[in-house]
Each structure stands twice: as structure tokens, then as C-alpha cells.
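Here the chain labels run A, B, C and D in written order, and each chain numbers its own residues starting at 1.
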Amino acid sequence: MDTPYAPLAPDWQVQQWFNTSTPPTLASLRGKVIVLESFQMLCPGCVSHGLPQALRVHAGFSRDQVAVIGLHTVFEHRDVMTPAALQAFLHEYRIPFPVGVDQPAPRGPIPLTMRAYAMQGTPTLTLIDRHGRVRQQFFGQVGDLELGARIGALLEEPWKDSGGDPATSGCTDEGCAVDSRRDTE
Amino acid sequence: MDTPYAPLAPDWQVQQWFNTSTPPTLASLRGKVIVLESFQMLCPGCVSHGLPQALRVHAGFSRDQVAVIGLHTVFEHRDVMTPAALQAFLHEYRIPFPVGVDQPAPRGPIPLTMRAYAMQGTPTLTLIDRHGRVRQQFFGQVGDLELGARIGALLEEPWKDSGGDPATSGCTDEGCAVDSRRDTE
Amino acid sequence: MDTPYAPLAPDWQVQQWFNTSTPPTLASLRGKVIVLESFQMLCPGCVSHGLPQALRVHAGFSRDQVAVIGLHTVFEHRDVMTPAALQAFLHEYRIPFPVGVDQPAPRGPIPLTMRAYAMQGTPTLTLIDRHGRVRQQFFGQVGDLELGARIGALLEEPWKDSGGDPATSGCTDEGCAVDSRRDTE
Amino acid sequence: MDTPYAPLAPDWQVQQWFNTSTPPTLASLRGKVIVLESFQMLCPGCVSHGLPQALRVHAGFSRDQVAVIGLHTVFEHRDVMTPAALQAFLHEYRIPFPVGVDQPAPRGPIPLTMRAYAMQGTPTLTLIDRHGRVRQQFFGQVGDLELGARIGALLEEPWKDSGGDPATSGCTDEGCAVDSRRDTE
């Protein structure tokens, strides 16, 4: 099956990371399928569905194959969903994977990464392939069966680290993707 | 079935109420069975079990018969589980019943009402009968069937508003209860 | 709370009992609250909801207080929901309480006990009080909280074994109930 | 990712099919991923987990890509789990996909297809790839995430209908598989 053209994932703009000493980047995760779980700690659907599913992905796949990354995309109640509150939340809910705090925008409630990915709300699960391209984005709930199928398919795609940098050129063997990061500049 | 002796429920010491314009008191609720749901907004067991159960009780019984009261008994992460954060939480989780913020103690992490009721942690569900006496207290999870049976039994107990004030005397037709509030003074 | 008038429960007309050496009767269970769970082994709602709930009741209350009785009220697919098939079903699903096979009617698909209780289908849960009177009947699903409350209330009702036979007279301290069994003769 | 060697799936030996006018065969399904759900109608784990999961697969993937096939592999209580009883079961549980009744063995309780696939019990889910090879077999429960990932990966594998018959030769572009059907002759 040919891989469709897909835009390169915008870089994450994070003001603070938890659960990691080394801030993860798209470049450092090249070669892995990335499950980006965007949430707000006071969003009921995130707590009851999105984060438990992200934990199942984290537990169910090899860390060498799939990287689960959390992103705290606060766009409401910002005064109480602070990084300090998030830290307590991550501790109480025993979230083990890296979680970044999305950088607030100079103006408006939508933080920068959330805006760059055109997320509609929380929870949002973004699937990024081994080449760093956004392949699918789910807003709200997606079933485990469908999500598993998509991850399984992405893992099956051919991947050769060519030495070149697809993030720069936006090109792979299958074609050239629009670099959406340029678009936002 | 004779009603066992039971201690009068200590009065609630609350610094702020949400979802009510009139602070509820034990005296004002005399004649109703009270389900007191003590929780912390960042406690996973409270969010996944205690509060949904309290919502089912709130929806399943007549307001004339059963009063559901929430109590935010913060004993950890106090800097982030503020009244303002609780307000956002109650909004996002659509909690409709009155919720009080337990009064922090001058010393130590356990707030005053939590201490007076000798709660072991959160969630804690306290059943208070029509005469204002603590009849049962569950720490952790209690099943709906068992909780329903206890509420149903309490609703079935004879209740005559004698005009006197059992809260003062600690006495009812069935006997006299120790006034635990004196104990804590 | 005064006990409302309620009809005496019709006797069970059972062709075969499982899980008991002594066929239970309403008379032999006088003094206990009875939860009568009527089901069909190929009824999805019975398997997913009714029987699991009956198991929870069986496990959650004292056998001295509450008796759980199953009734296999087959009104469709009678050729395959035979007593032999039921026996295999009860074994595989580890149903521990007594289960009777409702006596087929000479004419029509509705078996005799199901007809006497005017059940609308399966699952049906019938609550019978300590005096042998039908107090409530639920067709379809009833929540644990509501069911628990009803059982708890019935357990709280005064019960004195007067030596007389309320099943004969239809009368108790609270009044006289219509003997619905006469109605069906 | 190279496709591992995998044995060709043994042909199904079925005495009767339900929910289909044309008995499905491995040959007729070549080109699709097959989810073979083996169950017994009185097996609790099949009813609560295996069949609902098979229904989710049936609903969640294109019929052109994934074929869900049920197999009633009765190895106990055979006198009551008859084809007629199965028919009533399939009707009540609204199972829409084809279900075959595994052919009883001349001797012993294990039916022929169950034996040929070396199944350990029920439920068993067997994944068969587009080339008709058994790629994975789960006894008991498998999570939706893991199952989805396996199906997604199988769907992603290259598939060219070469016109030849890989079922005869046991060979594909990736290699040659042992024909397990010969083994059982």
C-alpha cells in the first residue's frame, strides 16, 4: 500500500516537560510511531477515556516502536490548570510518559502547538509516522480497535533511515510533503 | 429493627460553598438522609468512582428524602487544589449538588471536618440518618447495591419531628447518643 | 412508614429444580425477603444484566435475610432451552442459587408461573416481602442502587412471625391483601 | 518488515453454516484478512468477550478487507449445544456474520477443525492473512488495541494475487510455508 502524502508534524512548542530529563523532539523520535495525546487535566473525557487509552498504548507496544507523548493543551481555566497543578495530577494519576506543557499564545486562549496542529479541542490523539508526518488526528473518542489498526499499519510501513533529513526537505521515497511549519511562520 | 445508638454527626466546618446560595447545615437537613461525599478533585478514585456514585444517588432518590452533599477535603497538594480550581472542576464535571470546602486546620494537613469525622482518606462516603447521626462511613469503594440497601433502610426508619432538638440533647426515642462534637472541643 | 397493601405472591409452579435438594416454597421462605429472578438462558439481557445482578444480591446479603431464587420462564425457543440445556448453562455460568423450571402451560407459550405473576418478558425481577407479598416487579433493567434501596427498605420493615398463616388469610398486622391465587382459579 | 513463514490455514470442516447462503472457504476469502472466532454458545467468556469483540471487528473494518467468520467448536455439553440451539442463540444475540458448526470427530470430544488448528479451548481467535496463512492464534482474551494492531499490520502487508494458487504450493513471494493440512492426513 502506498503511503499517502502527509504533512510534516509541526515541532512542539513546550514551556516545560514532566517525566523526562531530555525534552523529546520529533527529530529525536524519528523512526518511531508517535502517539501524541493532547489533554487538559480538568477535561472529563480526557481523564476517563483519552489518558487511560494512552496508558494502554504505552503499556501495549514496545518503546522502541511506539512513543507516547502527552501534551497539556490548556485553553480554558488557565489560572488553575497551572504546571504545578499538572504536576500533582500526573503524580496522582501515575502518568509515566513524558508530558509537555503547550506554550501559551501571546494572544488568545489556544496555545501554540494546539494551534499549529489545528486541534479542535481535547482530548485529541495525533498519530505521527516514522518519518515525522501527521497521518491522522482524532478529536474526542476513538476505539481501541481502530486505533490499534492504525498504529499496526504505521508500524508495518517501510522505514529506512536514509541519513538525509526528511524533516528538512519534507521529502521521502514516497514523495514530498508540505512543511506545515513554514506555513505558520 | 431497633435503631442502634449512633453519634451525632459533627457540624461541617466549611470555608466556602459552591452550587448553593444557602449553606446547608445538619440542622437544616434534619429529616432527610444525608449522603456526604468527601473527595479531592485530583484523587483518581474520587473522580472515577465516588463522585459518579454520588451523582447516581442524587439522581435516583427524591430530594425530599435524600440530600447529597459534597465536601472537598484537601489533605495533599493544597497549593493547587484551591477553591478556584475546585470551582473549575465542578463546572467541567457538572456536579450539581452543594459542595463545601473543608476548613484547613491551623496545623497539619487534615482539614477540620475530615478530622472531626475521623476520615481515613478520600473518597469517603458518610451516611447520616434523619436524626443527624452518623450511621455508617465507607472509605474507598462501596458497591451500589450495598449503599442502596443502607439508604433504603435509613429511609424506612421511623421519623417524628418531635419539636425538640435531638442535636442538642443527643437523645431520640431510641436512646441517647454521645455528642462527638463535645469530644473534639 | 406504613406497609402498603400488596397481593400475596402466587405459588411457584415448577416442573424441576436445580441447585437444591429441597424445592423452595413461599411458605418455607416466610420471614425472608425474596428476590425472584426470572430469565431465559438465551436472553442476552438476562445473561449480561439480570443474572449478574442476582449473583451480586446473592453474594451481598445474608442468606438468613434475603433468598435469591431463579426461575427459567421459557416462552420462546422452547425446543432448545430444555431443562438439560439449562443444567449445562447453570454449570458453565456457575449459578449457585436454586433455579426452577417454570411449568409449561397446556396451551400457549407463557408458562404458568410467568402468567400468574403477569410478567411481561425476561429478565423480570420480583421482590417479595417477608410476609410473602409481591411488593415490586421490574421488567428489564433496574439499577443496583434502586434495587438495593428497595431490598434495604423491605428488610427494615417490622416482621413478627405470629404463628398464624398470613398466606392463608392474606392478612397481616398492616391489613389484608387480595389473594391473587384465588383469582387465577 | 518481512513476512515470517506461517503455515497455511487448514480448511474448515463444517457440518452446517448459518447466516450465509454460500459456505465461505479459505480459497474464496483469499485476499482478505480473516478473523476466525471459535466459540461455544454456553461459554461465558465467549458470550461476554469473544463474540462482542468479533462484532466490533465486523462493524469496524471494511468487508472488502476483513472477513469475520464464526465457528461453533463444541467440545462439551454437545447434547444441548445443537445446531438448532445455536440457531436460536445467533438469532437472540443478533450475530450477523457467517457461523459454521465444526464437524464432530468420529471419536473424542474435540471437533475436526478445532483439532486441526490445535485450539486449546474457547474463545479462540485466529488471524489468517490475505494469503490464507495462520498468523496468530489467541486463546482466551486479547485486547482490542493489540488485536487492532495485528489486523492493521496484516492489512498493510503487500498482496498481489499472482494467479497461481499459494494454497497448493504453500509458497508466496516471501517463502514457502508448511502445508499443515498434509500433516493431519
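As a convention for this text, a contact is a pair of C-beta atoms (placed from the backbone, for glycine too) under 8 Å apart; a residue touches a chain by one contact, two chains touch by 3 or more.
Because the structure is a prediction, the values reported are computed rather than measured.
Colleague: Based on CA centres, what chain would you say lies at the far end from chain D?
Modeller: The chain lying farthest from chain D is B.
Colleague: Using Cα averages as centroids, what's the distance between chain C and chain D in whole Å?
Modeller: 41
Colleague: Between chain B and chain D, what's the gap in Å when you average each chain's C-alpha atoms?
Modeller: 54
Colleague: Provide the C-alpha centroid distance between chain B and chain C, rounded to the nearest whole angstrom.
Modeller: So the centre of chain B lies 36 Å away from the centre of chain C.
Colleague: Touching at least two other chains at once: which residues of chain C meet that condition?
Modeller: Residues: none.
Colleague: Pairwise, which chains touch?
Modeller: Result of the pairwise touch check is A-B, A-D, B-C, C-D.
Colleague: Okay, in this complex, where on chain C does chain B touch?
Modeller: So the residues of chain C in touch with chain B come to 1, 53, 56-57, 60-61, 143-158.
Colleague: Which bits of chain C are touching chain D when the two form their complex?
Modeller: 42-44, 47-48, 77, 79-82, 84-85, 88-89, 92-93
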